[in-house]
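Please go over the structures that come below.
Both complexes shown next keep chain A, but they swap its partner, so chain B is in the first and chain C is in the second.
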Partner chain A sequence: MPSFSIQDFMPIFPAAILAVGAMALLLSEAFLVSVPHASASRGYQAVIGVITAAFAGTVAFHNAFEDPRVVLQGFAVLDPFSSFVTVVVAVTVGLAVLLSAGFLKHRNAERGEFYALMLFAAAGMSLLALSAEFITLFVNLEVLSVATYALTAYLRRGTRPAEAGFKYFILGAFSGALLLYGAALLYGATGTTKLAGMAEVLRAASSGDKAWLVYCGMVLVATGFAFKVAAVPFHMWTPDVYEGAPTPVTALMSAGVKAAAFVALIRVFVALAPGLGPQVPFVLFGGLALLTMVAGNLMALPQRNVKRMLAYSSVAHAGYVLLGVTALFAPAAGTEGHGMGVLSASPLLGQVPASAHADIYKAILFYLLGYAVTTIGSFGVLAALERREDETRGTTWDLDRFAGLAHSKPGWAIAMAACMLSLGGIPPTVGFMGKLLVFRAAVDAGLLGLAIVGVLTSAAAAYYYLRVVVYMFMRNAAEGAAVPERHWQTDVALAVATAGVILLGILPGPVTAWLTQATMLALR
Partner chain B sequence: MNASFDSRLLNLVIFSPLVFAAVLALLPKTEKGQLRSLTLAGMLVNFALTVWAFLRFQSHGPEFQLEYRVNWVSEIGLSYHLGVDGLAIALVLLTGLLGPLVVLASWTFVDHRVKEFHLALLLLQTAMLGALCSLDVLLFYVFFEAMLIPMYLLIGVWGAEERQMAAMKFFLYTLVGSLLMLVALLAVYFIAQPTGARSFDYATLYNGLLQANQQVAQCVQQGLTADTCTTASPAALALLKYGPFMFLAFALAFAIKVPMFPFHTWLPDAHVQAPVAGSMVLAGVMLKMGTFGFWRFAVPLFPQAARQYQLAIGVIAVIGIVYGALMCLAQRDIKKLIAYSSVSHLGYCMLGIAAFTPEGATGSAYQMLNHGVSTSALFLLFGMLYERRHVRLMSDYGGIAKVMPVFATFFLIITFSSVAVPGTNGFVGEFLVLLGSFKSHLPLWVSALAATAVVLGAAYMLWMVQRVFFGPLTHSENKGLSDMNAREWVTALPLVVLVLVMGLQPQPLLDVIAPSTRHYIDRALFASGPEHQDLRRVQINVRGLEPEVAAAPPGQKLNPAPLAVPMGSVRLLPATTPPVPHGIPPPVAAPLPTLGH
Partner chain C sequence: MSAEFVLFWVFAIATAMSALGVIVTKNPIASAMSLVATFFFLAGIYVLLWAHTVAVLQVMVYAGAIMVLFLFVIMLLSLGEDTSMTKFSPTRIIGGVATAGLLAALVLAFRKLPEASTGWAASVDQLKAFGTLSQLGDVLYKQWLFPFEAVSLLLLVAIVGAVVVAKPRI
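On to the complex of A and B.
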């Protein structure tokens, strides 16, 4: 019988808090609602959700100052890296809950289950970020996924939610199976599912007759993650699912799910790469990053549907994070002479300095935070502009909806403009700082070719982001366009997100200083 | 005046428009008169501050003055560092002067979304002044990009018929160039200093590259490449290998902004569609960011690559001069003609920059100021005409001098400045540029062609003036045009006076610019021959950061908020102590490898 101390459970406290909050919300639906079918008496539920998220975030923030270590017999880790992502998830889910309040009230669909599912999903994200063993990782991935499948199909009006939920479920299950299969192959090669210690066994296994098991396993695991982070060519589900899901849920998916999946991906590959040599993950992620940056941005260009545009933009942003991930595995002495073209790594001073890795982690984490805040803001404005009556029509999210917004709702227009500029990476917004840190890390690792592709694609991206600004500020609203309703919760969420976008863009100092700590991983 | 105030002065200059913008944001939308007056007041305060800063600048003092520096993001070596040299302070003064004029010029022209318009103007003023005063390259980049947003809105919201396309084109052109520059900047940042000492500070970057640049020059003089030059340090090897690409990335960003010949296509669209205020600011200040960028960053950081591409830049500049002039001759649209004349005039600026001679550089700097005065005055004056008639074609006018004699006089004086008639400011600048170009290493035909194009310049401007102002009054609509009113007098007079003052008495301004010119030439020619090897002649001395904050090694537990250094704690170096050599290896201690021929 293993003995656990309270210290072992510290990392899962935030997730436990989220789960308790979720259960309280479920119970509230049974005991604390006076009028069963009206939203009127449910105003407090969103508040419970936000408080739970804030509490979980505070605990996670506290955890971030603990020394990194492996806990629960190697099934989980407690390190600032995962704690930081839990903070990001808590911020994301808090804002998403606020956005949902107005969104659901407008549709008379406000129920405790919805918020509970969001909190369960957040608990899954938090747990995914700290999993250090393949079975745990898979179970947590499913906790997170099942909650989001249900959320996607939550509004049962019209065919879209059902289609989106079904598509997401099938492809999610498929990618989960790929990941599990890859983990099984790795288990076959090494005899363990724990990340700690797997690398040494892998080194022996990858040179022996089980080498194919190892490589197939790695590629399958990477593919499973690539589905989750929506990297090209595994992004096919993204636009349909993002479009069909209720908009606050889309915001949660594109900010939180992506952040958690990236952290899990980094943890797995950083732990296993020493057993393989960095070349395999480098080529794998370099290729994915290249494809994702180019294809994501190109596919977003022709979109007139803003929600689909944001979906493709989220694919493109996964590409920039993947650029950072690639930099992690860049060979220290460069790959000159291997004929890898734009994928080659040629460090400026001949060698990648030892300090580069901390900078890369910092860049990725900051990017994820910045993207989370920005994407919540942009989907938030989108959600605020949606009208229930249009849900079954194709034009709900058309660019025309944004025409003249600067006149009718200047606050929302400014929020949306700040978010669009941030997504486009234009100073003084957090998106610029994030891109700066990521490109800086990439150049330091010698990824000049990929960095140039990155900046060129983000210049192309500015076109479709600016088009939204054009519609808001330079076009007049159509005659008789309906004025959307306002809810204070939405306004608060938008104000917080916009303030984050601009303040973190001008004064990123406190966060980056703190991130210097968060770059410590328990497993290397 | 005490010294600690001087160090804050640039902050006041940059952010005073922002403060007024914040107040403006609180006013109700419908109070148009109040909004305009408050913006005018803000711009006047800002102008007064720029004048003050200009007066505090001592032309015989250190290179960079009125410095202010605090930490910004210390982990990546980003500091909020302001300071101006002679060229920058002159451009700051020009920007400050244009501010109130721009507001006056759009007093009646802009009548919808008045509040947003004036907010955009004030934000633009802050961003432009910030870019001119930044001594941290990334800070410059932030302001350089931030400038795009209000200008994009100015063109896109208050412009003419095709405004949205023009605004988008303007934004994307500039963005592509500047993003490539960002990658090159990151590469410079990594090459210039070793881990731990890295900084985006201009002086740190420049001084850190000095020795590498010296070695690169030696390798190139010996005809060696990155593979064969074995004596060079890793930094020099990287610079030898990537230097030309980095220079081209910087040059592309600034060439788009100038704009130089093949990248100029956004300019006519932007100018034609922009409202008067937009055109004035665009021509007056924003285009200068391109030439200023060459002067401050592209050439000094990569002198070897710049010399390598000297001929190319010179030829492209001359193509711009001739092409711009020929395009002017073919225009029927007056605003487009003025826009193309900008392409031609800025060609002279670039020719002077590429000449690498003191006369050329001085002329180029002077020409930047001239162009700011005369082209924005042309846009301003044409804006008055446009406000009365709302047509842009020359054929819609004719004989205007008969109904608007005062206006015609003003226009003619500015035209003389634009065609560089002696006695106006244009003459001084163009003459110096051509002189510098003839004395430089550029082939004679380049300079000869540039000199010939002066005639073309006179041709298109005078032809336009003749068709618009003289001859019979062909259109009956033009008979009732009123001459300039008091507000228009006040707006146009400063620029006209400036044309004459700068033309007849150029020496005071030239004195302010002279130290910058000398430094620019020293840096452009650095390591090009045995007489240009002295590191101390070129290295940049600026104020260091507060040591206890700057010395925190990376990776150590950092205080969460080292950002806000208390205002009082920034120490100003007394004028007598030698400035802190910031990140420079002692120039004498490191023996220079001898040139092995």
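On to the complex of A and C.
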């Protein structure tokens, strides 16, 4: 008879709070709303959503000071690493709910289900970050995916949302199946689905006659994750889905889903890599990082459609995080892989990666936090500028929309400018600090070639980010341009996101100090 | 002759007869009802094999949910009486050949089965402890509690998502 203590359930409290909040929203739709088809009586729903997210984030913050350990019979972990991501997810979903409030009210489409699905998606992200067993991981990945499929197809005006929802569903199911197949192969080779147990027997399994099962399984699992984080060449769905989804949902997807998927990926591969030798994950993630950084930025360059540009930029940013992930598996300097090739570790600095692991985790987590805040801000401005009448036209997100924004809406222009600078990695913003930490971690791990590619591509990326700023501040608005509506919720969300972008860029100290704590993983 | 033995023959013959009824009756409703009967008798055989879980699922899922779906489809299509069974069309010939081939393959496979038990269940007690409901409950609620509860969250999200997507345009 297994016995559980309350300590066992601590890691899932944030997710439970989010799920309960979501259910309360669903029930409120049935019992509290008097006018079925008006948004007027639903103002309280966004407030419930934000309070739930704040509560969950606080509990997760508290959890982050617990010692890392495996709980719930080995199905989950309680460690600062996952708790930190839950905090990021809670912040993200809180801001996304605020953005949605104005966005949906403007379209008379505010419903409890929308916020409930957002909170369910956040619960799935939180649970994904703490899963330490493949079936649990798959189920939690599906919780978050199913919620985001439905959110993508929530507003079905015009043809794009239906296309986006369907494409996301099909490709998401496909990638989920790949991950599950990989997990099944690993189970076949090791006889267990728990990461801890798998790590123990993997070395024997990967050198015996089941080696092919192990390697095929690992590659399939990596592919499944690569779809979710939108790494090139598994990024095809990203621009269409990000463009077709309601803009606040896009913000949630690019910030939250990506962060949770990266954490799950890191947990799986850090736990299993010792049984394989680091070469396989190193080559795998190094190749993905190289392709993603280069192709993501190149594809974003010609985009005049700002929403599509941000979608490609989200692909490119996945590449920078993958650079950090690659650094985790960089072979120890001086052992093998000498030389200065793009995909090799150079012995220049002579630092043994194992001692640098804490810095790498710190860099990845800080990058994920910074990217989450920035992407929420930039999609937030985009959502605020959209007008209901544009939905059937193709020019909703054209650069011209931003012309003269500095005169008509200076606050939004400043928010957008801060976010664009941050995405481009220009100081004094959080994006700069994030890139600095990631590139430094990569160089410390000896990945000079990849780090140089990263710096060069982010310099090229400054072109398309700064173009938006130029349009806002140096062009005049066209005559008779549509005037966007203001909602106080949107303004609050944008103010918080912009403050985060700038403050974390100027004073990253408290967060990075706390992140030193958050680099502890329960399984490694 | 034990009671189990008698029951097995009762269920086996009844299963075969009702399965025959599915394909020889002309009325689609009668055919569907024969299928329900087949499922019930098959469930009896599962019980005799100590596979209680499969028996219960057979009745609930197949005889209950899926057959209702079948009946709905049959009623919505409102098939006419004139589908004659005697004509030979190319698809029918191909279907017949495929069926004969499948039967031959199954017979061959059956002849290849080893004479003795393959030994996956070392004793009768182990066999009895494998497919019962209490065993399933033990696995789900003691060994796999967290993923099991996560699945319930997944189902809730899927239901809400399906309703949201199936709604008229918002």
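Keep this in mind: the second predicted complex is superposed on the first by the 512 of 524 C-alpha atoms of A that agree within 3 Å, B and C clash if a C-alpha of one lies under 4 Å from a C-alpha of the other, contacts with A are read in each partner's own complex, and residues count from 1 in each chain.
By our rule, contacts are C-beta pairs under 8 Å (C-beta built on N, C-alpha and C of every residue); 3 or more make two chains touch, one makes a residue touch a chain.
Bear in mind that the values here come from a model prediction, so they are computed numbers and not experimental data.
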For A:Met472, decide between first (touching chain B), second (touching chain C), both and neither. neither
Looking at the overlay, what does A:Pro2 touch: chain B (first), chain C (second), both, or neither? second
Touching A:Val501 in the superposition: chain B (first), chain C (second), both, neither? neither
Given the touch rule stated above, what does A:Gly165 touch, chain B (first), chain C (second), both, or neither? second
Thinking of the overlay built on chain A, is A:Ala226 touched by chain B (first), by chain C (second), by both, or by neither? neither
Touched partner set for A:Glu133, first chain B, second chain C, both or neither: second
Have a look at where A:Leu26 lands relative to chain B and chain C in the superposition and call it first, second, both or neither. second
Go through the superposed model and pick first if A:Pro427 touches only chain B, second if only chain C, both, or neither. first
Doubly contacted residues of chain A, that is, touched by chain B and again by chain C: none
Could you please specify the touching residues of chain B with respect to chain A in the complex? 71-76, 116, 138, 141-142, 145-146, 148-149, 152-153, 156-157, 163-164, 167-168, 171-172, 175-176, 179-180, 182-183, 186-187, 189-191, 195-196, 234-235, 237-238, 242, 554-555, 557-563
Touching chain B in the complex, chain A uses residues 348-350, 353, 355, 358, 362, 406, 421, 426-428, 432, 436-437, 439-440, 443-444, 448, 451-452, 455-456, 458-459, 462-463, 466-467, 470, 473-474, 507-510, 512-514, 516-517
Within the complex, which stretch of chain A touches chain C? 1-2, 12, 19, 23, 26, 72-73, 75-76, 109, 111, 113-114, 116-117, 120, 123-124, 127, 133, 135-136, 139-140, 142-143, 146-147, 149-150, 153-157, 165
List of chain C residues in touch with chain A within their complex: 142-147, 150-151, 153-154, 156-158, 160-165, 169-170
